[in-house]
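The letters A, B, C, D, E and F name the chains in turn, as written, and every chain counts its residues from 1.
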Amino acid sequence: MDKSMLGGDMPQLSEEDNVRMSTMIDQLQIRDSLRMYNSLVERCFTDCVDTFKHKSLQKQEESCVRRCAEKFLKHSMRVGMRFAELNQGAATQD
Amino acid sequence: ASNDTASSLEKEQIFSMAEKEMEYRVELFNKLTHTCFNKCVEKKYKESELNMGENSCIDRCVSKYWHVTNLVGQLLGSGRPGM
Amino acid sequence: MDKSMLGGDMPQLSEEDNVRMSTMIDQLQIRDSLRMYNSLVERCFTDCVDTFKHKSLQKQEESCVRRCAEKFLKHSMRVGMRFAELNQGAATQD
Amino acid sequence: ASNDTASSLEKEQIFSMAEKEMEYRVELFNKLTHTCFNKCVEKKYKESELNMGENSCIDRCVSKYWHVTNLVGQLLGSGRPGM
Amino acid sequence: MDKSMLGGDMPQLSEEDNVRMSTMIDQLQIRDSLRMYNSLVERCFTDCVDTFKHKSLQKQEESCVRRCAEKFLKHSMRVGMRFAELNQGAATQD
Amino acid sequence: ASNDTASSLEKEQIFSMAEKEMEYRVELFNKLTHTCFNKCVEKKYKESELNMGENSCIDRCVSKYWHVTNLVGQLLGSGRPGM
């Protein structure tokens, strides 16, 4: 999640309220990062780990998880760029 | 001290609305990301790179998801442009 | 989500607390509406859009999304009615 | 000013419980709605109307979901009637 | 969810803050229990109920739901135990 | 009254971080539980007991999930050990 995504037209705020608003955005970003972490683990585990004969992660599973996570992060960045473009397009149309 | 004056309830509502709006956008982005990953990305993970086919699929998927968001928004009468 | 769903036996509240409670319910309804909007988009997109040869929504996909959303909303209203009946039945049994 | 008196912590807890209760009901309703849509509604969306078969399936699905909620509630020892 | 799961190194807190922290943990546990209840119902309903010729739960469906819920709860307890062991192992490694 | 003094904003942030950390752990536990149930447990529910095969699958599943959490954590640069 990118800070610019949350943008938009905010009413004029006092110094104190600005601090509060920015604190709130930071808090949302922290929560979102933690959720993303959880859902990335869930997805890559589900897609890559299917046998339970061993207690530890097998080499093949490990490299699958790595590629899965990297691929998802690249995907997520690309989506973020496209999403930002559409958001800006919508903003200029207004 | 201005934080605890008479209008604090109204101010709470403004902050609360802004918070919901942001939560909404974050959720939209997350659903979009997961949905387009499911639609476009090969799940055997032989590569850690996105190939050309995946990349163009992702771009179109985001664009179409955006259109669907607008379309459903119109039906719901919110009139919010992808928001 | 219908306000009546949230009903139930509330203890006697002061005027001030009533305002606060009702504000809270409004806030939950707003959050719920936004989530519903998001999940409706996700569902109808997933069910209706499957080809990515074009950047814009095709006519056929568009009408599929419309019918999907309308159908889901009708479904949701029906579930709401049945759910309210069961809630009331449970309340009278108590 | 009564809002910030000694008992404010207890009052917070009461409001917090009420909030959780409501969130619970909203989540129950949403899960019920999505589950019964998956069980009962044809996904090709040839029509925007629910047909008779879908409607009666939905009614029964809601009723059964309610029973399952009660049953699981008993097992969990909550004793809450569909709540 | 087990209270010990939430543990970790907390900074020194005043009496008042301790009360608040513990209230927060209680609140999270209540929310988590309610969510668990909802997701257990959803899972067992989805896995056990598939015919809609009747309005009331059939004997067979009812016993399926009972076994499903009991099995899930036992599973959840076992996962909790293993999870706690791993958490403790990680804590001692630090 | 110490609750509303000058540093209340900082304190809010500390509590808010602790809250997020806990929410994160609860979510991790819930996802782990649901994922391992899906991977290991037979869904016809002929028994209400977990059999030996299911039990050992669950133990290994939890262990592997933990490893994946650490691995992904390293990739994300958080360095948090399963946390």
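Assume a residue touches a chain if its C-beta (ideal position, glycine included) is under 8 Å from a C-beta of that chain, and two chains touch if they have at least 3 such contacts.
This is a predicted model, so every value here is computed, not measured.
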{"item": "Chain-contact steps, minimal, separating chain F from chain A", "value": "1"}
{"item": "Chain whose mean Cα position lies farthest from chain A", "value": "D"}
{"item": "Relative to chain C, chain with the most remote C-alpha centre", "value": "F"}
{"item": "Geometric centre distance via CA averages, chain F-chain E, whole Å", "value": "11"}
{"item": "Euclidean distance of C-alpha centroids - chain A vs chain E, Å", "value": "25"}
{"item": "Separation of chain C from chain F, taking each centre as the mean of its C-alpha atoms, in whole Å", "value": "29"}
{"item": "Residue numbers of chain B (touch at least two other chains)", "value": "21, 23, 40, 59, 63"}
{"item": "Touching two or more other chains - residues of chain C", "value": "20, 35, 39, 48, 66, 70"}
{"item": "Chain contact graph, described as a line, ring, star, complete graph or other shape", "value": "ring"}
{"item": "Ring path (origin chain B; first step to chain C)", "value": "B, C, D, E, F, A"}
{"item": "Chain C residues within the chain D interface of the complex", "value": "1, 5-6, 8, 10-11, 14, 16-17, 20-21, 24-25, 28, 32, 35-36, 39, 43, 47-48, 64, 66-68, 70-72, 74-76, 78-80, 82-83, 86-87, 90, 93-94"}
{"item": "In the complex with chain A, residue positions of chain F that touch it", "value": "9, 12-13, 16-17, 20-21, 23-24, 27-28, 31, 35, 38-40, 56-57, 59-61, 63-65, 67-69, 71-73, 75-76, 78"}
{"item": "Residue ranges of chain F in contact with chain E within the complex", "value": "2-3, 11, 14-15, 18-19, 21-23, 25-26, 29-30, 32-34, 36-37, 40-41, 43, 45-50, 54-55, 58-59, 62-63, 66, 81-83"}
{"item": "Chain F-facing residues of chain A, complex", "value": "19-20, 23, 27, 30-31, 34-35, 37-42, 44-46, 48-50, 52-57, 61-62, 65-66, 69-70, 73"}
